[in-house]
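I'd like to ask some things about the structure below.
To keep things simple, chains are lettered A, B, C and D as they appear, and every chain counts its residues starting from 1.
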């Protein structure tokens, strides 16, 4: 089935596009390093979204042209960014006061595993390597909503949406919505609740690549995303 | 003996003068509201002393001329002040980070009672009245040295330097030096140690108006203060 | 996005009976007098107010207290040159008082804004203000556990504000204002001038807009100290 | 009073073997490269270093690690594009690592500077980074107790400095610098320019001089990121 899934599944850009549609006008948002950062590109027109980065910038914009970088103006991924009007700089304690104090409307992070109780594992595979946590453990317990963008399964085809995480946890019961390459799934009362799925995959096939029961409450919708 | 003491004792200005002589060049100092504030007037020439006030100013100077006040530029006693070059403004949490974090070299406060173990009572008489503590309890546990300026006895002639405070405490074991109207007394290892006394009072008379034993280690000096 | 609010009345319209309201200022500096007076006009009662003081004279916080709108006051220093309004109510048992050391008050508010539910401080250890609070020893020294302080609303005074709520302050008028901005569900700032987005140097922003929900321009704000020296009374 | 120090070498001269040194910066922004290189030249060993990262390439903190001067690193994210120096020593068991969530690291340093010996945070609750730490419940939610972090020295990078040590920072180069300035026994700041007392607007001072012990002018500071893109190696 892995090859089949590969044929229909959304690209990272498409997952990011879908996640971007849910971000309200005026929201304060932190996007995790890497894949989640793509979401900013797909911000729907007419919405003001203010992006926060752990290293002390609120209101940053896209990357500058190559050669135009100022390396004192970077994001948490250490990539050069630019400023939008009305930006602000602040130190790390104030930056994490914003995070931990519940001032961010949304954090969108990547994941190794998400459990049906909302537990997230995204900082360590638990196998060797240098441990490195960054701001992930703060973000999951700070932002008002914590969403995940991820492939629905691992490269080996194993579920990333699971009953209980087997990898080291980043946070307990923190994720409320998951945008995957196949579906949009909410976490409610300790269960995965299907909200949207690709038209090209049957519910049973989706359930087969999901590590815990996918509940259905009323209807679910088609996950419709443009070619990108 | 009260009348006798009144004849020889130092004025508040003279006590403040004496306290000012011990403040080193480059010291960061907080002066309590009221009487301790007078110390700034007697800062010896050639010394730079940087004054801190709880409400968020470092490097303030004397009061402005009458009519020149800016009521956004005040000290903790809500009196108008001026700025010296190199002043800085900051919010209350940073201000008390300076206090609690041990960044002030010295705080000089008034007192109702000081005990030989260094306990200080200076915020409440314990009898009716509206309780009000301000920043005193923070200062006594924050500044590297906490000194007291005070009359040696109460208006009724009772000792203010006592074995144990009977009034509500501001802080435990926090005072290290007391400048009184009759003497300079250190607190060391739970005892009052006499450092200086007025020439006009005998040791025995001084001991008689002090509520706990005045130890003598080696010599003590004359407390010599100019007419002011 | 534009957080501008047209009038002080509109700014305080949501504050209902029983709300907890942080009010910035230290004495008169940084006290949002016009917002407080709008709150007097609006008339909600049974408020819990957090401020360093208990007001002065008969304007600002003192007026709010005088109107009987404040059921409980959390502050460090309710004494002043003219604290009559508060003092009379306090001795009549008509207002509740929680005294908090000033640095602890500031830190509790910051903790509320920073998501820190409790912290330890040496301040007040061994005194009656620590009674009933947990204590702990760290590295041989004793500390008191203090809890965060949050509010439903914060009314603050700033100097410049932009439509996204970025703020600067005038001299020592910051005091509790930037902290309270962080610790309330809804923070309303009165500013002397609303400037276009992008006019405040990002390096000079003191309170980033994320902490601010509404900005109302009061172009020539009254200073509480000045009002009191004029003998002003509100309403 | 004049806190000006004539050279980076003089600025780090007191840092001896076994010292705990906080080093500002987040990646290359705000990293005091010249002060770190002076520390490489001075050669103290067995240092405990607090930094968000573990250095990049072969300059700055990476150079200090490469010279074997760092026995222990307290940081949140020791991975990067070129973390080879740290990674090799780590797997060889030649450097000790304490991983701290980034917000907890910032708050622990601030607590050290603010005289708060311990605080509670929701961060890391239920994870392996909370193992062995006290937990407590407040208002039905679980929190981990974290301790303050202090240092013997802080090496930081700022933009303007005056002789009393008041500092401003350039854009996002503040990051950990203002916090570390508060948390060390002795804080040395390298600044791009020393300006006369009174030239920094008191409203724009970010780090007041009370937190700063020495200021050294490095008029055209190297940016670590730029050095690494040039393939620079120190010494």
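Heads up, the rule we're going with is that a contact is a pair of C-beta atoms (placed from the backbone, for glycine too) under 8 Å apart; a residue touches a chain by one contact, two chains touch by 3 or more.
Please read all numbers here as calculations on a predicted model, not as lab measurements.
Undergrad: By CA centroid distance, what chain is farthest from chain A?
TA: Of all chains, B has its centre farthest from that of chain A.
Undergrad: If you average the Cα atoms of chain B and of chain D to get two centres, how far apart are those centres in Å?
TA: The separation of the two C-alpha centroids amounts to 37 Å.
Undergrad: Could you state the distance in Å from the CA-based centre of chain C to that of chain D?
TA: So the centre of chain C lies 34 Å away from the centre of chain D.
Undergrad: With chain centres defined as C-alpha means, what is the inter-centre distance between chain A and chain B in Å?
TA: 57
Undergrad: Could you check chain C for residues that touch two or more other chains and list them?
TA: Each of 107, 110, 114-116, 121-122, 169-171, 202-203 in chain C touches at least two other chains.
Undergrad: Can you tell me which residues of chain B touch two or more of the remaining chains?
TA: Within chain B, the residues that touch at least two other chains are 57, 89-90, 93, 96, 99-100, 141-142.
Undergrad: Name the shape of the chain contact graph, picking from line, ring, star, complete and other.
TA: other
Undergrad: Going by the touch definition at the top, which pairs of chains touch each other?
TA: Every pair of chains meeting the touch criterion: A-C, A-D, B-C, B-D, C-D.
Undergrad: Over in the complex, which chain D residues touch chain C? Could you list them?
TA: Touch list, chain D to chain C: 107, 111, 114-122, 136, 138-139, 141, 143, 147, 168-171, 202-204.
Undergrad: State the interface residues of chain C toward chain A in the complex, per the touch definition above.
TA: 1, 110, 112-116, 162-164, 166, 182, 196-198, 200, 202-203, 205, 208-211
Undergrad: Taking the complex as given, what residues does chain A use to touch chain C?
TA: Answer in residue numbers: 25-26, 28, 48, 50, 52, 57-59, 83, 85-90, 93-94, 96-104, 141-142.
Undergrad: Can you list the residues on chain A that touch chain D in the complex?
TA: Residues of chain A touching chain D: 53-57, 70-74, 78, 89-93, 95-96, 99-100, 130-138, 141-142, 168-172.
Undergrad: Sort out for me which residues of chain D touch chain A in the complex.
TA: 26-30, 52, 54, 76-80, 83, 86-87, 90, 97, 99-107, 109-110, 121-129, 169-179, 206, 223-226
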